[in-house]
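One structure, pasted below without further comment.
Chain IDs A, B, C, D and E follow the sequence of writing; residue 1 opens each chain.
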Amino acid sequence: MGILEVKNVSKSFGGLKALRDVNLSVAEHSVHAIIGPNGAGKSTLLNVLVGKLVPDTGSVMFDGQSLLGRKPYEINQMGISRVFQTPEIFGDLTVIENVMIPCFAKRDGVFRMHAFETVENEAEIVAQAEAALADVGMLERRDMHAAALSRGDKRRLELAMCLVQEPRLLLLDEPTAGMARADTNRTIELLRQIHAKRDITMVIIEHDMHVVFSLAQRITVLAQGAPLVEDTPENIKGHPKVREAYLGEAA
Amino acid sequence: MLGLNRQDTALLIIVAVLTLLAPFILNPFPEGSGLATLNAGYPDLMQRFVIYGIFAIGFNILFGLTGYLSFGHAAFLGVGSYAAVWMFKLIGMQVIPAVLFSMAISAILALGIGYVSLRRSGIYFSILTLAFAQMCYNLAYSVLGNPNSRFNLTNGETGLQLTLDDPRILGVQRTPDGGIPVPNFFGIEMRDSYDLHLGDWVFTFSGGYYFAAAVMLIAFYIAIRIFRSPFGLMLRGVKSNQTRLYYTGINARPYTLAAFVISGTYAGLAGGLLACMDPLAGAERMQWTASGEVVLMTILGGAGTLIGPVLGAGFIKYFENIFSKINDNVLHGWFAFLPDGLEDFMVTLVHPFVGKGWHLTLGILFMLVVIFLPGGLVEGGQRILGLFRRRKAPPPGPDPEHHPKPTPHVAE
Amino acid sequence: MTMIEETRSGKFQRPDFSRHANMAETAPAFLSVWDVHAYYGESYIVQGVSFNVHEGEILALLGRNGAGKTSTLRAIARTGSPQVTHGEIWLDHQPLHRMSAHEAARAGLQLVPEDRRIIPGLTVEENIQLAQIAPPIGWSLERIYELFPRLGERRKQEGVTLSGGEQQMLAIARALARDIKVLLLDEPYEGLAPVIVDEIERTLKVIKEQGITTVIVEQNAIRALMLADRAVILDTGNVVFDGSAQEVLDNEALRAEYLAI
Amino acid sequence: MDAIILQTLNGLDKGSAYALIALGLTIIFGTLGVVNFAHGALFMLGAFCAVVFNRLLSLSYITIDPTQTDFLGNPLKVETPYVIGWFGPEAGQAIIDWSVPLSILLVIPVMGLLGLAMERGLIRYFYRRPHADQILVTFGLAIVLQEIVKYFFGANPIPTPAPPAMAGGADVGMLLGFPENAIVYPVWRLFYTFFAAVVIAAVFGFLQFTTFGMVVRAGMADRETVQLLGIDINRRFAVMFAIAAIVAGLAGAMYAPINSPNYHMGMDFLVLSFVVVVVGGMGSLPGAVAAGFLLGILEAYASLDAVKQILPSIDQIIIYIVAIVILLTRPRGLMGRKGVMEE
Amino acid sequence: AAFTNEPKGPNVVFGFNVPQTGPYAEEGLDELRAQQLAVEHINGEGDGGALNTFSSKALQGNGLLGKKVTYVTGDTQTKSDAARASAKSMIEKDGAIMINGGSSSGVAVAVQALCQEAGVIFMAGLTHANDTTGKDKRRHGFRHFFNAYMSGAALAPVLAKAYGTDRRAYHLTADYNWGWTQEASIKAATEALGWETVATVRTPLTATDFSSYLAPVLNSGADVLVLNHYGGNMVNSLTQAVQFGMRDKIVNGKQFEIVVPLYSELMAEGAGSAVQGVYGSMNWNWQLSDEGTKAFVKSFGEKYGRPPSNSAQTCYAQVILYADAVARAGSFHPCAVIEALEGFEFDGLGNGPTLYRADDHQCFKDVLVVKGKENPKNQYDILEIVEKTPVEQVWYEPDHPMFAGGELGPCNPGE
């Protein structure tokens, strides 16, 4: 039994079957990659996991509890955080404030009426947020307006926002897209460390095979809404069907 | 101090000093001089400044922080007024229970309206609040206001008034000389005032004003705390990216609802205070125009800033009360020093903008402010401060050829 | 008279670039960027960038995150943000720096922006049709769908609901739908499956064969350099290298310093 | 039965006004994304175009008639319109009588130019500003326009009659087999409904069967990208705005005989037309028109005596109740598009 | 000071609080003109107007108790809140000792209560509801204008004579205090003469299109439509009723008729030809031939180039009456002024001998029944006076049920 169990999940948009009978089991404390051609349904699957979409059929269990019918914030409170394919951040807030919000969510739950405390006095929260920014190398941008960040920096900020929650399951939708190679490597290193240090499971979607092969312990290949194969990175690399449908000459 | 950082403490102190000294500041012109018309230091207007200030501060907690634009806040103001007048009629003329009751009733109403309206966002939310408020207005105006019905809660268009035969079970029904008693704060009547004559100047200190001002300072202080609190941060998160908030484990709805109720309570408080200063509650203070007014006040002053709404409220109330009173008589007084022909010319020139034309001036000023000061009056203030600062220490400019142009504030 | 007409009538002359240090090439430049400075509000982002692109070549514009690549492309495309305060941009004898964004587009320039900018509320097909309203018009719908069959299948779907990679295809398709002289690509491979990247790379070669000039910004620098003829490297808003792509591939020190690879 | 028919006609008539105003408003508000609080003022200006046109036609020269006296006992000044002087009493009078329908000649150019001027001179700087700023500036503009009209035309409603041929009632009942004079409905109101239908059809035709509408919608969603595709979006925005202004102006001018124009008639319609647009669904032209007619007709039915006896005062709040119900059951109004003005 | 705003300097300040914006602005402006004229006359400028014909000779045309009268103006916006704010500022800021004006009963009642509390005199302008001097009366408030009851009492007999006693009436009523009392008054008066009331329907004050209220009238079997409307409401409902062909209808074998119980020249002007032949009542009309009227119309007409409306006349009279009371009392003290006004009988300000009744501060004088003129001779010749109903016929006792409840309360000098 993995920590995340997806069983027979299907999802259609009108006539388009974006997911067909997807089964996926993610072992606890592993890094599991999902790869596949564009439009294969990878992001759709993540959307189902975080409660953005309701699947037509099937079940999704996290740590023995069903995720279906739960609101996104409840799912997050169960310990699932997500990095989006196009960065979702609080553009009007400063970088540090962006990271403090998830800290509060982690500490206080879905709602707490602390209208008479002062943000700056929450030393513990500030410290956590700064540490997370330092992790992704963004501490010097602490007080910048998040909207003014370059795209790569927005990615890193969003990663920090997820990491600071110390989730049990981290869902990463192309976390290094648009990042400079050096930063990609740094991110790989960071994810690796976090994975080693904490009891964390990661599901990662990437088109950058360098990232996938450096991190993943298992890989599921999704094509046209259904899993094609699931195997170890070594075997996937050599899999002829995958090479043809997805990897091309790159691998 | 009081859990505020230095900057906020300074702001609070400045506001406190300004409100305390308002009777002096607002009466800069000597009595009897031509410009005395421009004085605003009389109790009624000063009271209005602070009360509408409270209204706008509260509105800004919702709009400025969460971005939810309510077009129905006047409903809470009106309900607050009715609640207070009913307390005066039934219980007695002490203002404290009246104000508390106003806040309670409007909070309950805000909870109901907010709960339903917050199911939608953007313009859909605005229209829902507008629709609810208009329904409240219509209820107050006709359904619950028919003097011949048993449910005459509001007395219709005439407005809910005190009468000599109200019960006032904890107070007196009528004063010794047979009149209706006056709202008071432990004996200090809201209508009490004291005139200080200094040379040609007259300064009026009014009990009602200082009571309302004290309440406003408390309201302002609470607003600062809310702005600086984690709660405030969440609200700004709602404005910036509500979706992200949901995926971060936070349910935005209770936060927005709380903000809605708080701002509705502020409105109720303002309504209650209005009734304390002048115990009559009319339905028209619930109409959409009244809701629109607080929106304008907030934007004009600077939405999302602490002091902006108060400035906006003062600005609009000043025009409504002072400019509408400048008539040709006064104008002739102003321009009397000019030769006759020129005097008449100046009067004719200014005439369309004052008196019955005060709306015109206000409209033009709305446009000028929003065109040239996108951040509202607060931005105007900042620019003036900026000018002073810059004059002190000019920053080392870059290569003059590549001098940065400030971003145009109007987008092309 | 519009800018374009004025230029054609010979009223405007190209500046003489020879006095500029970086302009080593002798061949006439097709797209010339000369000493461009640009700001976002008070922040000085593009700090005097100059480079030339020759007709029909592919230029890789490289640099770290935040180096100012996107800002440079946006300055060339005349988007208005960042605000260009100084400098000249010439495209085939036309002064782009005096044009507005739509005039520049009509002059034959096309930017494929980094966040794709698929227009919400419009279907895939409408997104492409939109590119064919203003002259000059390029590839036909059929030809585009031939290159990207996926788009053909999805033509009635709302553009923004496409998967990330499909959106990237649509963005490129939109550029091809116009008759362009210069294509500015901002991270075209981002989010694309490796096979599709290969596909697009092939397309870019096809485009090149047709004589279209391309400027490509890409984080996958090696890939971009293998495709490109020349490379320009930016760092904190300044050009730090201008030379052949091969040179960058060969010069490890350079790559380490500015590209960290 | 005849009451229901009459109220249906009333509903259609009122609905036409709502639909026309909402149509213009939704072009500006739903398509260009500008919360235009001055739209009511455009409607009002349209009505005053009719007034001005009437006054222009009635421009008179003054002669003194010693046989009559004015209220102070002085000899009376008699005014004769120039057109009567030129075309003779009959033709001249006919021209004056038909001034309202003829005022279209004035409304279209005036309102079109006004719309262009407004967009170029003011609104275009506000496309990218927050809605709040748009509200403030357009509200300011509305006040200014209103006050200017008040300054020149006074605060009282100005009677602006329909041409005599269309001023009376038409016996609609007879057509439906009712006895004579059972259902009489003012001809001009019937004409108004017809006129509204024509204008609506014209606008729809223009926006649906040309790419113009699509381009403007796209430009609204992402103006930069549209410009990068070589389209001069500013010009199209301006044209769109001018169309909206013309529609509002026509709605106002033709409304003049129904409700004597006064300077605040725009404000009276403003809030309701916002409700109509939103109930119809942001960004949807058919939605705005449908909602306009729906609310108009429901409002008319709510004023049926039978209904009011059960629910007193329902006629005054029906629109708001319907708005609440629709917005709570259909998140984006009747036909709203996703993402428009939801942020 | 002994009382609120006791004048200390060389001037005494009057406050003119009229609607300068909003739907009644035109009415308010006419009032303002009249008020300014009155001040001129009191100060001895101009031709003295009706002071020359006024029965009391206490005013000499040399100011008031040795002081020059000045005035401040304010905008009520026809909203109680705004009106009270404006009045308060006149009292608190400008030291006004008397407030005059208002163009709606709601405003009048609200401002009257305020003046009572503040200790200044309120000389009501245009207010026609029974409540102003009925259940909402105040010691400090005085009304020269007539009221809805009087309209009913004067109008009903004329209607009965013109249209017969067997009529079925349908009322459309502006949904607020004034509308209700007028509806009740007209209903009572016409029913007493044998008419039947088919229905009374309330229309919102903000309504501009009355078509959906007019449609049911035709099927109700009514043959008379009573429009308890005023201002913009009246202009619209009347013209629309005419458009619906109501004037041409025959119902129950009788010609369908429309009645507008409270007329105003300005509104009649707005309704244009629709008023022709329509009956209504007025407090005063410039076409009256008494000396007071002639003097006032002449002085007003020469200054402003148009005849005064009846609201202008009432405001003019109220300013003169206040000043006169001060002069007779020899003091600005409100209690003295009240005493001088209570029970005061006078003539020469227009429309004959008048009594300011002490019990409720209502003026009693003749009431005019007017009719829209069929062939107007000039722009201002819109209404013709049909009858001058003698005061006896419109008289009522202070405890009349329509006016009962409420008390004047004490005199309040303030301070």
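By definition in this document, a contact is a pair of C-beta atoms (placed from the backbone, for glycine too) under 8 Å apart; a residue touches a chain by one contact, two chains touch by 3 or more.
All of these numbers come straight from a predicted model, not from anything done at the bench.
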How short can a path of touching chains from chain C to chain D be, counted in steps? 1
Quick one: which chains contact chain A and chain D both? B, C
Relative to chain A, which chain has the most distant C-alpha mean position? E
Gap in Å, rounded to a whole number, between the CA centres of chain E and chain D: 35
Quick one: report the Å distance separating chain A from chain B, using the average Cα coordinate of each chain. 46
Centre-of-Cα separation between chain D and chain B, whole angstrom: 33
Rounded to the nearest whole Å, what is the centre-to-centre distance of chain B and chain C, using the mean of the C-alpha atoms as each centre? 52
Multi-partner residues in chain D (2 or more other chains touched) are 313, 316
Expected list for chain B, residues touching two or more other chains, is 142, 359, 412
What are the residue numbers in chain A that touch two or more other chains? none
Sites on chain A touched by chain B in the complex: 50, 52, 71-73, 76-77, 81-82, 84, 88-93, 97, 100-102, 104-106, 108-122, 161, 165
For chain C, which residues are in contact with chain A within the complex? 40, 43, 64-66, 70, 114-115, 150, 157, 161-166, 168-169, 187, 190-198, 219-221, 259-261
Note which residues of chain D are touching chain C in the complex, please. 211, 214-215, 217-218, 221-222, 224-233, 283, 337-340
Complex interface listing, chain D residues touching chain E: 2-3, 6-7, 10-11, 13-14, 68, 70-72, 76, 150, 154-159, 161, 167-169, 181, 184-186, 188-189, 258-260, 262, 264-265, 268, 299-300, 303-305, 308, 313, 315-316
Could you please specify the touching residues of chain D with respect to chain B in the complex? 35, 122, 124-129, 131-133, 135-137, 139-144, 146-148, 151, 271, 274-275, 278-279, 282, 312-313, 316-317, 320-321, 323-324, 327-328, 331-333, 341-343
